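Once you scroll down, you'll see the structures, which are given as structure tokens.
In what comes next, chain A is part of two complexes: it sits with chain B in the first one and with chain C in the second one.
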Partner chain A sequence: MLQLILFNVFNGLIVGAFYALMALGLSLILNLSGVINFAHGGFLALGAYLAYSLMPFVGFWGALLLAPLATAALGLVVERLLIRPLYGRDPLYSLLLTFGLAYILEDAARFIWGAQSLPYPIPSWLTRPLSTQFFFLTGYRLFMVVLVALAVGALFFILSRTRLGMRIRAGTLDLETVSALGVNVRVLRNLNFGLGIYLAGLAGVLAAGMLGLQPTIGTSLIMPSFVAIIVGGLGSLPGTLLGGLLIGVASGLTTVFFPSASEAVIFAMMGLVLLVRPRGLLGEEGRLQ
Partner chain B sequence: MSQLPQRAAVALLWVVLLTMPLWINAIGGYTELASRVVVMGLAAMALNFLLGYTGTLSFGHAAYFGLGAYGVGMTLKYLAPSTALGMLVGVAVGTLAAALIGALIVRRRGVYFAMVTIAFGQVFYFIAFRWNKVTGGDDGLTGWRRLPLDLGPLRLDIQASDAAFYYLALACFAVSVAAMALLLRSPFGRTLVAIRENERRARFLGIAVERHLWLSFVISCAFVSLAGTLYALLNNFTDPRALRWDMSGNFVIMTVLGGMRSFWGPLLGAAVFVVLQDYVSSHTENWMSVVGLIFVLVVLFFPRGLLGLLRRRSTT
Partner chain C sequence: MTDTTIPPAAGRRTVLRAALAVGAANLAPPFILAARGEQPVLIGLANPLTGTYAAPGKNELAGCELAIAQINAKGGILGRPVELRVEDSTSGDAGTAVQKSRKLIERDHVDFLLGNINSALALAMAQVSNEKGVLHIVPGGHTDTITGAACHWNVFRVCKSTTMEANAAAQQLIEKAGKKWYYITPDYAFGHTLQAALEKAAAKLGGTKVGADLSPLGTTDFSSFLIKAQAANPDVIVFLTQGDDMVNALKQAVQFGLDKRLHLAGAQQELESLEGLPPEARIGAWVFEWYWKQPGVPHVAEFVEAIRKKTGKVPTARTWFGFVSTWTCALAAQAAKSLDAVKMAKALGGMKLPPEIGLVPDTAFYRTEDHQLIASVFVGNAQAGGADPEDLFNVARVARGIDVAGSVEEGGCKLVWPS
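Right after this comes the complex of A and B.
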């Protein structure tokens, strides 16, 4: 029983790390530009499939490096061409546009790579279990956790220590002033969008190694990411991280006792948070309401 | 626009709706398609009651639509062989859920509200998807049919005749639309518009903003669940897709496509969208891309919707 609980908690942490990675990208874009990027799941799937297609040429590590970058590059183009005209308009429009984009990306993946699920090869030394007692602790899972931690660490480093990160944070608080101080806000939003999409692409490559490739891989991860943002508190990136991990573990624990409620429980948590602490766990009062 | 042409247009619209089963086959459609237009039109107009008149963006209306659908289906399957009772249960369940969730989310605004409604919309999807024994899970709820309606001495055989079902749907549509129009003309409706235009000023005037928004959310969801019951009866079937986020997105795009600042716009948007979807999905496997493209094009080029476009033309 203990082993089962440990197994599911660990599993929940991994799934939560995915939610967090995805939700952090969503949050970045939402905070600076006020855009709910519904196509985030589509970009995640794209990252996964790009890695799959790149792998024969550049190998596992090359794909891990290049696929998220390629996805981010596409994100930059999409922001420039489709989303930029919508800033300053009712958020309804950007939501609808990214919604349509999500359809197109999912369908494109189905069209190019087929509807059936594809296996994603990972190096054999990563698939071995690390211990016989804790059979679930394979190298790949540990590797994923480490990589997500590194990515999150790098993101927070960028945000707190670099010029770009400081501008993003400042823009989140008051974009007009940042613009008046001579920062090119258009470029800032563009790069910020790319950063968010990079995280989605990275999550996609990692998820592919665990779940295999399906066109719907992104859409199944996006809803929990919304919940992670709301639970953690809109406008707070540490909150988003915490929210993602929390709902992942909660969902994993529920799997032990009442498997069919493992999805419903995260929405129950969201309802509870909205009831007792409407701003979210680490959210600030009065922001983005 | 002056009053007279507008009245004439509305009269013409009713003539078209009333005679639709007579000519739709002649132009390559079928009666079920006509019913779907009316049902989706009701859903989009109900969404617009909230979106267009309070400016509150709900991206989770499929939840209440689907609750209506499952409400009527499960009543007919497990409880009692009565279509009317099933519809009552469906609407009651959808409205109750909206009342509870609405109370939780009514203080959120803008993007935050949209995101919370999206997330809450998925709860019922997962329940319907996972609770195999009762809901049929992913395969949908089968093993029931709509039954003839007994209205006192009158018996409306909606089971055998598609046209009879169309007129039932149209009757529900007419009553709902009349109710919404009356509500919007009442002081309550004017207050909603005041909140949309300037929430802070409305608050200073002593208007209970949250209570008004909550009430309009619940009313909107009640009519959407009525549309959901009709949708399930139309197909003699319902599945979790009726509850999913893409259905919510469809309602919003129908509303925007038609024109969300006009009362009748969403019906037009629904008609165009339903017919287009029907045509595209029977001609290509990649209908998702086409629908996605419709979303993108509408947002970039017709943000005011078809009726908005017409209106601007006629005023300039």
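Right after this comes the complex of A and C.
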């Protein structure tokens, strides 16, 4: 029993790392632009399918590199054309827009690549479990965790050490002042959106290797990311990371005792956090409440 | 400069509201209208076109459309052209399925109702069709109760009941995989009755259950389920999940190397799921309800050719469900010489399907007492791909429908006809 629990904690961290990757992109966009990007799952699916179409030409590694960039490029265009006109209005406008966009992206994937799920080939040396004892730790899942760690490290580096990152952080705190200091807020928001969508595209390619391709892949993965943000605390990127890991572990542990609630438990957790500590575990008081 | 003004913060409440809205989103999917004719006979299909069951849903639709074309080419129903009205029921929202069914019956005045892939939605639709007295064919919802305890005089089912699948699958599972079974079961009507039927069938053959877990519909990550199943040390993990859930569960099990330590198998398997799997995960003993490779069975090759021409792919069991369901409407009207639902339902009871519609080795027929279609079941194992890349299932044996159907008494159906 103890082993079962330990295994599930460990496994939950792997799954949680993946939730965190998606949630960080969402969180970035929400923090700076106040846009709740419901289309994040759609971009994720798009990243996955683009990788699938690119793979015959550039291989697995090429697709891993190019597909998220292509998705991010589309994200820049979407932000410029569709989302920018809605800044300054009630956030519900952009919410409805991204909500519709999520449907359009999902159906576009269905239209172009078909409703049928498709297998996504990964290099065979990655598919093997690394040990018979810890069979759930396959090469691919380890690779995924390493990549998530790298992406998160790079993101925090960008945010804390580069000029763009510092402006994003400053803008998150006080956009008006940043604008008054001569920073082009339009460009800042655009790049920030692209960065968030890049993370969605990367998550999509990784998810494709784990689950294969389905048009619904984004929709089914997006809800836990929203929960991760709320549990971790709005406005806090470390909080989002923590939230992702926590719900991964909680969902895994619930499977041991009461499997049919393995999905419901993350929402119960969200409810509990909202009741006891409404700003979330690491969220700042008063911020975005 | 409006875009640089500070937006009202999207706060926690907005995020929460938005999260709630996701549920509401399922209420507005698209609908498709067929071309208008003059005084056509209308067949309404409320089936998943989006969500987990979108792929089987589209295949059932392709089968329906082929049947419609054939029926019209042969003079329609009672001399009138036939039209299909299609609504997206979603993959899991019974409320939407009911609302779409009401729309088809009350607004479009369809003469026949078809649907649903999701057993729970099929049951909900049957309530509506029964209340309205419309002849209702269930192409692909498997839970026993549709033609069992919850049967209705107006409801007929083309696909197998979960008991039929379990009876056909159990013996092979014991022989090929062993006696200690661990179930991973989708948490809704279909999964519950399929597992119950398998437990019953296994017990007769000396099989035991060493564990079972219910997975929520739409689960993407099965790793924690697999960790638990493996710890129980079974001979076989019996996967009862379907659609994308089947693909996710099997794929992860193979990635974990579980196929090298125990058997991965189950009851119902579908070509749609095997196509979505990488070749190394196309393994295990299963049953198919219909398969496109049936050497020597008349008319099957023509059907395969017609569907290939239409969709570019071979028909699946789903395509056949849609095809048979739609043709059943025409056969019922023809036999009753009327579109009166009661007369048609009476005429369908006991009706044998002609070979060009049945497309199976034995003669398919609707059982009079419970309205279940009794037809062959294909028992065998999944394969990576034979000479034909679409040949992903090796049929070891064809079970006769009547041998696996179970009795009407066991099913518990008592038809109540309108007075």
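Just so it is clear, the second predicted complex is superposed on the first by the 281 of 289 C-alpha atoms of A that agree within 3 Å, B and C clash if a C-alpha of one lies under 4 Å from a C-alpha of the other, contacts with A are read in each partner's own complex, and residues count from 1 in each chain.
FYI, a residue touches a chain if its C-beta (ideal position, glycine included) is under 8 Å from a C-beta of that chain, and two chains touch if they have at least 3 such contacts.
Fair warning: this is a prediction, and the values are worked out from it, not measured in the lab.
For the composite obtained by overlaying on chain A, chain B and chain C cannot both be accommodated without a clash. Once chain A of one complex is fitted onto chain A of the other, the partner contacts of A:Pro129 are limited to chain C, with no touch recorded for chain B.
Touch criterion met: A:Tyr140 reaches chain C, while chain B stays clear of it. Looking at the shared chain after the overlay, A:Phe226 reaches both chain B and chain C.
In the superposition on chain A, A:Leu97 contacts chain B only, with no contact to chain C.
In the superposed three-chain model, the partner touching more residues of chain A is C, compared with the other of chain B and chain C. In the superposition on chain A, A:Leu30 contacts both chain B and chain C. Stretch 20-28 is the one among 20-28, 74-82, 326-334 or 362-370 where chain C clashes with chain B after the superposition on chain A. Residues 30, 34, 36, 85, 89-92, 95, 99, 103, 106-107, 110, 223, 226, 229-230, 234, 260, 263-264, 274, 278, 288-289 of chain A lie in contact with chain B in one complex and with chain C in the other. Looking at the complex, you find that chain A touches chain C at residues 3-4, 7-8, 11-12, 14-15, 30, 33-36, 38, 84-85, 87-92, 95, 99, 103, 106-107, 110, 114-121, 127-129, 132, 135-136, 138, 140, 175-176, 179, 185-186, 210-212, 214-217, 220-221, 223, 226, 229-230, 234, 251-252, 255-256, 259-260, 262-264, 274, 278-279, 288-289.
Partner chain B is touched in their complex by these residues of chain A: 30, 34, 36, 82, 85-86, 89-97, 99-104, 106-108, 110-111, 223, 226-227, 229-230, 234, 260-261, 263-264, 267, 270-271, 274-275, 278, 288-289. Considering their complex, residues 51, 57, 59, 104-105, 107-112, 114-116, 118-120, 122-123, 126-127, 130-131, 245-246, 249, 252-253, 256, 286, 288-289, 291-296, 298-300, 303 of chain B touch chain A. Within the complex formed with chain A, the chain C residues making contact are 2-16, 18-19, 21-22, 25, 50-52, 54-55, 57-58, 187, 213-216, 218-221, 223-228, 230-231, 244, 247-248, 251-252, 255-258, 261, 272-273, 275-280.
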